[in-house]
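Each structure below appears as structure tokens.
The following pair of complexes shares a single chain, subunit A, combined with subunit B in the former and subunit C in the latter.
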Partner chain A sequence: MADAASAGGGRGRGRRAGLRLWLAGGWLLFMLAVALLAPWIAPKDPLAQDLFLGRLPPFWVEGAEPGYWLGTDSLGRDVLSRIMHGARVALLVALVAGSLTCLIGATLGLLAGYFGGWADILISRGIDIWMAFPPVLFSILLVAVIGPGLPAIILAIVVIDWTRFARVVRAEAMAQAAMDYVASARVAGRGRAGTLLAEILPNVLPTIVVLLTLEMGIAVIVEAILSFVNLSIPTDSPTWGGMIAEGRSSIHQAWWVLVFPLVALFLMVLSFSQLGEGLKDRFDPVLR
Partner chain B sequence: MSFLVVRGLSARLKGDGARLLRGVGLSVAPGEVRGLVGESGAGKSMIGKAVLGILPQAVEVTGGEILLDGTDLLTLPPGERRRRVGAACALIPQDPLTALNPARRIGPQITGRLVDILGWDRARARTRAEEALAETHLPDPERIMRAYPHQLSGGQRQRCLIASAFVAGPRLIVADEPTTALDVTVQKQILRLIAEMQARHGTALLFVTHDLGVVSKVCQSLTVLYAGMVVEDTGVRSFFRAPAHPYSAALLAATPRYTDPGGSLTPVPEAVLAAVRAEVAARDAAAEGARHG
Partner chain C sequence: MRLLRAILLRLATSAVTLAGVAVIVFVVIRVVPGDPVSMMLPPGATDDDIARLRAFYGLDRSIPAQFLIWAGGVLQGDFGTSITNRQPVLDLVLGRLPATLELSVLALGLAVLMGGVAALTGTRLRGTRTEAAIDVANGMALSVPDFLWGLVLVLLFGVIFPVFNISGRVTPSLDLPFTTNFYLLESILRLRPDLVADLLSHMILPALALAIPLAAIIGQLLKQSLKETMHLDYVTLARTRGYGENHVILREALPNAILPTLTLVGVQFTFLIGGTVIIERLFSYEGLGNLAIDAVINRDLPLIQGIVILFAVIFTAVNLIVDLACVALNPRLRHG
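Take a look at the complex of A and B:
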């Protein structure tokens, strides 16, 4: 709020925030469309190997083959088609794991922050204990126990990251619960649950939205990391992390195999965080 | 018959057991404006909060009764108590900047009570809310209803809160230092407005303040508190003519006067403080004795 003034007036800031929101949102919508339509619009079969067409460069480099816009990997699979199919896994994990984490973490945070007392002690100590586990080991262990696959990845993200939501939302809810308008609402006859939903939640919502979009970006990265270490999808359906892992070995001969999925990953994570910032500015009545 | 009667109300902090209220008694008749004065920490806001059922979680009521229209609120189940208080009482809070929800428009914040407790339909509630806003001399109530709190000034927000307090025609309003957070010129207008609204609706008012000047302008009777104990309970006229208790007299003498600018401030004398503290200690000892005996 303080930087609104230093950023040279509300209007300029508002316009920039709007641009950021549209760019990030536009890119994510575009990727969503690509992911949904991948089986129909991908130029090639992402799994089709052709050793005669191995390590073809992208279209603007000499030696490129028409139809393989972003080149091929060492097994002759089309990089563009693989990125398009990889977006399916990335977005699925982002949306499902992000929402579930948000739902569980924010709910517990709101309960702890508003009701205080035993609910707070129980939830806060739970968070403290939970956060003492090393997260990477925890997720690898989970995947090892459940077996690799989408459900395991999503569960790992939810189980590890709900504390992030719970802690931040708890602090925000506590601050709001101390405000006079909460007391006024109580005097006006609102019950505890009603006060939580109608008075406190709207004020915590901008924070929740930012956390949610950040979490979606984190989920994309976690999925990539797990597929990088081969703990993600068991079949050979393409994932960005898997592509990056494969591209690593041929970085000197065929940089595009590594770089393009990396760019796709980077843009998606960046878009999620920018979308969150933009939405927060939209939602926050004081900044609006 | 008084509308609000508080008898022997005691409260303490849950943590270290510190006494906050020591057997407070007071009453407010229908249409009466009673001032509740005392130093910071004397427990004046605490009494208002106890009546309305919004005490902080760390505070527990240890004894006494709060009779609202003859029913002891402290023995009611929470839901029933909230309904009764919501239908009969309202709060004018201290700080207009935090007393309106920043994420919601003014309109629903005022109509909420009408819809939730009295079961009015939204259109009727909106008309009544606009009326109430107009009564507080806010121009263009329709625009105010659509505004977010940050779009209004402090004085406008306080007027909205006053409208919100009076909107459902409550029989008792607790005004918790309603002018403390405002600057002096706005204070005067807001005081006049509260007095005007009170007179129009005939609402009983429990006016919590540390400003005896305010008491002399709006109240008919007052209760002086020290350390959660009632020191004096009297009419405003007799109080300002001749306060009965030495502490009240010292408090009155300590009020800065505009007629003497640059004059030094008079503190409450040590001897008077020592005497009133001894009274508090004696009351605590008596309470302990009663508990053990």
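Take a look at the complex of A and C:
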């Protein structure tokens, strides 16, 4: 929907959308490689402190120390290595929390949209109640309750964001269920569950994939926000949100402690959402 | 009659939603592992002291009993006592609410302004590079949430070009004559431009961070509606009657294109208010959101409950107003 709807038709738009997909997907694959290889390619130990090397600037600024490419934070930890290790947490949360949220939300949406009746009333009411919660506060509350750690963050994201899938998938499943092909499948003797899985699900799947991609970007942000308020995971592994929180407090002394993790987070979130929007254009036959 | 029934039904749904929120938040925070009472007492406290304090806060009863006592109080306007501040929750929360409301409304104003200008400029200059640039900027603004825009703004206008304040609500050393907590509103009414300037210099960056994603949504939808309206016969008629392009867009197309955008703005406004929680934290702005995060970190159960309920009331009220406004503004719905 982003700029595709407004930019009009034509091959130029198609090429631009393709480029956007490749750039976003490429960057995410690159970050995935960095995250997987972090223990071997990170130049320093991300947790090693050296108070004599605190707040070293990045390599092109005077006073930089060779080997610390993007400088160090106030405890003398290497910013580049911490960003590489932080990518592990960010992507792990994106993939696991995104997939789980998708699975639960889409299932509930399909059930509500296709079967209607009590299932729909219960699930729709649940969605209404959920929409009345401030999501950031709710996630902070949940993680504070469960206690910090990766499982808590993932659980908080699933508990809060299932409605994003359920709302959209419910509406789509409802629209599909009213179509002739569904009726003819039923007439041809398929059961209700069979119709749902074999006829409706494949038609709703493109929407689910787009939502999943967007959700991964949201999960990355939620993890960053939680570690920003110091509720993410214990300090034994670096997170971008934690680095940003530290950078925010020493912003006037060492801008690089904030800037580099912020750039990493910004690019990853932008990539996920551009990938999602690009896929939406690809899948939507009207736009194509 | 039918309208009245629709309104009553809508009110009943809102009440069910709020009750649901109350139950969920109550159950969720009763699972908190840390004991807030033992943190309040000095190290030498006896078990007897702890038990007495637990009884004082009603924490020694079963969860359903606690809920009934609390819900009964809430219905009479008593939200309990904050464990960390030892003040009535309602006083604390209402004391902070004006700061959050001022910030949210300022952000909404900025979003409408920016989104509106973007949509109108894009429509006026359709097919040019300016339109393409606006579309790209819109896409970017939409892809990145308020938290990240806040950080970018902190860097840009707090550090690289330090023109605005990046923390707090007002410079504390100034002479502050306020009798209410609506600082901005009161400064305007008291005709104190110095205070207005100081407040805005603190509020502008958090408000912008909240406004950017909403501005993008407004800009996109309004431009889309304008585009559709511009092809309608009556607009073509206005053109053939010799009116200029500006007149056609502003006077003929805009009034008809604006309704879907207004509906969307209402719904999106609740998302903006939800965003204040982390944005206030980021800019150390003394509002409800910042209070909420402190309450969570300190495990201040009564305060957390009060704040979440208040947010839910605000969200539900905004949605209700939007729905009713749509009915009032749209004749087809009114008689349907």
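Everything below uses one rule, namely that the second predicted complex is superposed on the first by the 265 of 288 C-alpha atoms of A that agree within 3 Å, B and C clash if a C-alpha of one lies under 4 Å from a C-alpha of the other, contacts with A are read in each partner's own complex, and residues count from 1 in each chain.
The definition used in the following text is that a contact is a pair of C-beta atoms (placed from the backbone, for glycine too) under 8 Å apart; a residue touches a chain by one contact, two chains touch by 3 or more.
As the structure is a prediction and not an experimental result, all values here were calculated from the model.
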Clash or fit, subunit B versus subunit C on superposed subunit A: fit
Superposed model, subunit A: greater residue contact from subunit B or subunit C: C
Touched partner set for A:Leu19, first subunit B, second subunit C, both or neither: neither
Contacts of A:Leu36 with subunit B and subunit C, given as first, second, both or neither: neither
Touched partner set for A:Val229, first subunit B, second subunit C, both or neither: second
Cα-centre angle that subunit B and subunit C span when viewed from subunit A, reported as a multiple of 10 degrees: 90
First, second, both or neither for A:Val61, with subunit B first and subunit C second: neither
Touched partner set for A:Ala175, first subunit B, second subunit C, both or neither: neither
Partner chain(s) touched by A:Leu197 [first = subunit B, second = subunit C, both, neither]: neither
Shortest CA-CA distance between subunit B and subunit C [superposed frame, angstrom]: 16
Of subunit A, residues touching subunit B in the complex: 116-117, 179-181, 183-191, 194, 198-199, 202-203, 205, 285-286, 288
Touching residues (chain side subunit A, partner subunit C) in the complex: 1-3, 5-7, 125, 128-129, 131-138, 140-142, 144-145, 147, 217-218, 221, 224-225, 228-231, 244, 248, 251-252, 255, 258-259, 262, 265-266, 269-270, 273-274, 277
Contact footprint of subunit A on subunit C as seen in their complex: 13, 16-18, 20-21, 24-25, 28-29, 31-33, 122, 131-132, 135-136, 138-140, 142-145, 147-148, 151-152, 154-155, 158-159, 166, 220, 223-224, 227, 270, 273-275, 277-278, 281-282, 289, 292-293, 296-297, 299, 304, 307-308, 311-312, 315-316
Residues of subunit B touching subunit A in the complex: 49, 52-54, 57, 79, 82-83, 85-87, 89-91, 93-95, 98-104, 109, 112-113, 116-117, 148, 150, 161, 164
